[in-house]
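Right after this note come the structures.
Each of the next two complexes has chain A plus one other chain: chain B in the first, chain C in the second.
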Partner chain A sequence: MYTPEKLLDKFKDGKTLPHVAIKVTQMVNDEDTTMQDFEETIKLDPILVSRLLRLVNSPYFALSSKVDSIAKAVVFVGMKSLRNLVAVEALRDIFNDSDDSSGFSRKHLWLHSATVAIIADMVGKRIFGDSREDLFLAGIIHDIGLVIEDQVAGGVLREACQLYLAGQGTFVECEQRMIGTDHCEVGYRIAKEWKMPQDVLNAIRYHHNPEKEQAANSVTGIVQLSEYMAGKMKYAVLPEKIEPLSPHLVKHVKSMMSNYKIIVRDLPQEMEKAKDLYDPEA
Partner chain B sequence: MLDFDIEEVFADLEEKDYREHEFVQVLAAIIPSFVFQLQKRSGAVFPSVPGAAAVIDLADGIFAEIQQQGYLLINGRGGTLCGINVEELEGVLFCWQEQKEEKRTFCDQTIAGLIRAACRYALMQLEFKDVQTENDQLSRQIGVLKKQHLDLVESNHRQYMQIQEKERHYAKNLESEIAARTAELRKVNADLQQASRLKSEFLANMSHELRTPMNAIIGFSDLLTETKLDSEQADFVKTIKNSGDGLLALINDILDFAKIEAGKLDIAQEVFCLPDVVENVRAMFLKPATEKNIHLHYNVDDKIPSEVIGDGNRLKQILVNLTGNAMKFTEQGEVSITVDFIKELDSGCVVRFLVSDTGIGISLEKQAGIFEKFTQADGSISRNYGGTGLGLAISCQLVELMGGNVFLCSAEGEGSIFSFTVQLKIAPSAGEGQEATGKKDVQDTAGASQRKEEPGAEQALADFQVLLVEDNLVNQKLATILIKREGCAVDIAGDGVQALEKLKQGVYDLILMDIQMPNMDGLQATQRIRAIEGSEEKTRYQGLAGEKEPVVIVGLSAHARKEDEEQALEAGMNAFLTKPIVRKDLIVLLDRYKAKE
Partner chain C sequence: MPDLLWDRSFAFEQSGEDTELLKELLDLLKSSSLSDFEKIKAGLAADDGEAVADGAHSIKGAAASLGVEGLRAVAHAIEKMGRAGQQADVDVAELEDLISQLDTISI
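Entry: the complex of A and B
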């Protein structure tokens, strides 16, 4: 059995978020940060610079002119979007660290995370008219706890999955029973160390907590919705068994049903545009 | 890639037949007119005015009919908006019309048309609703884009301002850092200057301390030569005297140099005779020139007025230095001093001095170095020619103090020319009233040497009483001998207090008063004496009670600065002599007051 601390301690021996990513996340929260500071920090990792520029110039951002520097990228897409891309780059490495495919696929989890991130972004914009960049970040990082569990206690995590599929309680309950903690708590803790914004921390911590009623337009609420939708579209960690949506979110979706159906309809197109972000082979 | 059915995604959330229900609702809204048409056409009367529930029932009935026929009204996989294919639906309705013959009795073509239209309308309503939803989403997305755009513009502007602010800040920091550095350097510089000044002051003090015993050595060896000595002893004494003179000259140089460094050397503005100064310099070197067989001559431009205002003594010092150097480094040929008139000024003229020789010369690369302190062109020269290298440095500084610069023109093996220009004022009227000090010196010197020739004078003036107030025993002794040689009686007091005691009983013609003394110094003593002379107190002092003129007090100090002399005169002294006592000066002084006697 593990405590969250123990899991994290073991995890930190291996791969963790690069310094540049943590620094960038912090800088975004600082009012006084300028594009120069941003550029100087990111330049510490030249590979990251070229990767970011590729992403900024990808169809996802649909910029009319080519961006050739980080400072320019800040001008055109903003610091927060750029921070999201830094997180994507850093997390992709962590997610795709192992090629283990027995029952629990990291690759699958990464696609799931990307799908949730893209849906969350769409829901925010299209349903709530909201441009929070935190939604994408929350989506891409919400299951980081699973990666940590998989890395440190992969065997036990698989047992928890089996337990869940066998109908022995919710997924979090099964994790608790087998591992001693759950991916929400573990993810929350590591993200806190990475200085993620509070909204994102909440989303990580509560995205499996139907008892704690989350407003539909909160980051947590949207992540829950997005995860449900992604699951229904077979992009779940365990697509065989999707946990139900909490009643108040059901009520919200029903009231906006046609809206949500349009999002589902347009999702494949959006995913295609964002392919550079999540598909390592792209 | 994504393998899913849109309808399936939310299937768990939707009530059964959600979409059908929606369709029925829309249809029911249109049905009242449909019912009206039914009544009108068939004459059938419904038991009561159909309420909403009845209408929905009727619409449901139509819907149920459609479904019973096995036609799919709702086509999830149809690919059109909301999955309803209008064309298909129309087909359905026609089929229904054709197959249900018995119902056609009250449902003719028109009613069928109405139903068709109503169904179409309901479908379009649904379609419209979807389009509207999509429109809403698009306008929300536009709103988001607008907001994002605005945020970006705002953020970019903010960053721009911040970058500017930062740059201003950097610039300011840089400025203040430079200012701090400058202040630091200034302070260090000031400290260094202070240190240099302190060193120079120390040097000045030391020189002064050195001069006192030197004075005794020279003075006594002078006196010794006048005693009966055999030739060997005379030679020894002469060596002592020469060495002493050399050492004193050196000490004087150091003192001058230290004074210049400490900024304590003042350039006098006195009337003097320029040709006399040059002549004096030549006279000084005439003997060694003759010995070395060097032709020494000088030439002073006629246009230069003979009486000018400036520091004749310092000018002489410079010329002596330069000429001395020229003599030192010249083995054969000539040394010449030339004074040229360069131009006239409002209140004076610019004069150039040239000292040229045919000596060893100075190579180009060494020329810059020789103006540095303590440097000679060649380190080995010191061994060959002697000298401290101070002379030229002092000369340079003196010329600078006079507002000029020393220039050198030289080639190795071909001799050197040192030149400098100074501004000199022209004496207002070089006539009778103001006698040139330079000339006076010459006359005085002549007078002194004449006096020596008259031994008879000693006895004649033996009654001239001198009170020597001096704390240093060696100086007491030397001064006593010198004064006695001039035929005067000497009484000695160790300080001001003792001097006053002496004055209670003794009567003196002249008091020779050292300035620096313990207990009561010379200035205080003089002030006291003058105070007593001007009051009733003088009756208690025999030496001061005389009805004739106040007693003559001559100050004596090692500090030869102008302000020292001024202070002395201010305190009530009649005259001032510098130590070490120059014999001829003492003679002149004594002669003056003896004459008054």
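Entry: the complex of A and C
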């Protein structure tokens, strides 16, 4: 059995978020950060600069002219979106650092996370008129705890998955029984070390917690809604079984069903536009 | 007439006191705002609130990053109306005027 601390200690022996990514996240939380501070920090990693510029110029942002510097990218897409892209680059490396030979697909988990991020952004804007960039970030990182569990205790995680698929409780209950903790708690703790904003931390910690009722328009509520929708559209972590939505969120979806149907209709197009973010080899 | 309410010292600080860079960024703000303005107009013509809001969101962010508070505030108001499906009530005259005033900024 593991405690969250033990899992994290073992995980950190391997891969973790690069220093530049943590620094950039921290800078965006600080109101006094200037565009120049931001650019200088990112420039410490020239490969990151070119990767970011490629993403900023990708169809996802649909910019009218080509952006060739981080300062210009700040003007066009803003510091928070760039912070999200820095996280995408760093997390993609962490998620894909596995050969998937043991049955639990990290690549699948990465696609799931990207889908939840894209849906969260759409739900925020289209349902709640909320264009906060933290929604995308919360979506892309909400299952980071699963990567840590897979890295350190992959065999036991698979046993927890089997238990869950056999109907022996919720996914989190099965994790707690087999591993001793769950991906929400582990993910929350590592994201806290990575200086993620508080609403993102809450979303990681409570996205499987139906008892702790989250307002539909909170970051946690939107991640729960997005994860459910991703599952319905075959982008679940374990597509065989989807956990039900909390009753208050069901009520909310029913009250805005026609708007949600439009999101479902438009998602494939949004996913295609965002392909450079989650599948750069495509 | 609306005012750009440009915070010059903020903009200089943002660009690390680099006049050339700031000039380039302001040119970029102008050209990107014009192109986003076209998107807003197309969104209004198509009665597409999301398209209106997306164009306005983009102007809002760019204006904020260079301290052009008047432009940011007007774009933000349009974004909110677009997201709320109230695009029929959007009047772009003020926004158009502010964008044309970007030419008058001297650094």
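As a working rule, the second predicted complex is superposed on the first by the 278 of 282 C-alpha atoms of A that agree within 3 Å, B and C clash if a C-alpha of one lies under 4 Å from a C-alpha of the other, contacts with A are read in each partner's own complex, and residues count from 1 in each chain.
Assume contacts are C-beta pairs under 8 Å (C-beta built on N, C-alpha and C of every residue); 3 or more make two chains touch, one makes a residue touch a chain.
Because the structure is a prediction, the values reported are computed rather than measured.
The superposed arrangement places chain B and chain C in clashing positions on chain A. In the overlay built on the shared chain, the residue A:Lys125 is in contact with chain B and with chain C.
When the two complexes are overlaid on their common chain A, residue A:Val75 makes contact with chain B and with chain C alike.
Number of chain A residues touched is higher for B, counting chain B against chain C.
By the document's definition of touching, of the two partners only chain B reaches A:Lys232; chain C does not. After overlaying the two complexes on the shared chain, residue contacts for A:Met271 are found with chain B alone; chain C is out of touch. Of the two partner chains placed by the overlay, chain B and chain C both lie in contact with A:Thr34. Applying the stated contact rule after C-alpha superposition, one finds that A:Lys66 touches neither chain B nor chain C. By the touch criterion defined above, A:Leu245 lies against chain B but remains apart from chain C after alignment on the C-alpha atoms of chain A. The superposed model puts chain B in the path of chain C at one of 5-13, 23-31 or 95-103, which is 5-13.
When the two complexes are laid over each other on chain A, chain A has residues 34-36, 74-79, 125-126, 129, 131 in contact with both chain B and chain C.
Looking at the complex, you find that chain C touches chain A at residues 13-16, 18, 21, 24-25, 28-29, 31-32, 35-36, 50, 53, 57-58, 61-62, 64-66, 79-80, 83-84.
Chain A makes touch with chain B in their complex at residues 32-36, 74-79, 124-131, 229, 232-235, 244-245, 250, 253-254, 257-265, 267-268, 271. Put simply, chain B touches chain A in their complex at residues 1-4, 6, 8-10, 12-14, 18, 129-130, 133-134, 136-137, 140-141, 143-145, 147-148, 151-152, 155-156, 159, 162-163, 166. Across the complex, chain C is touched by residues 34-36, 63-65, 71-72, 74-79, 125-126, 129, 131 of chain A.
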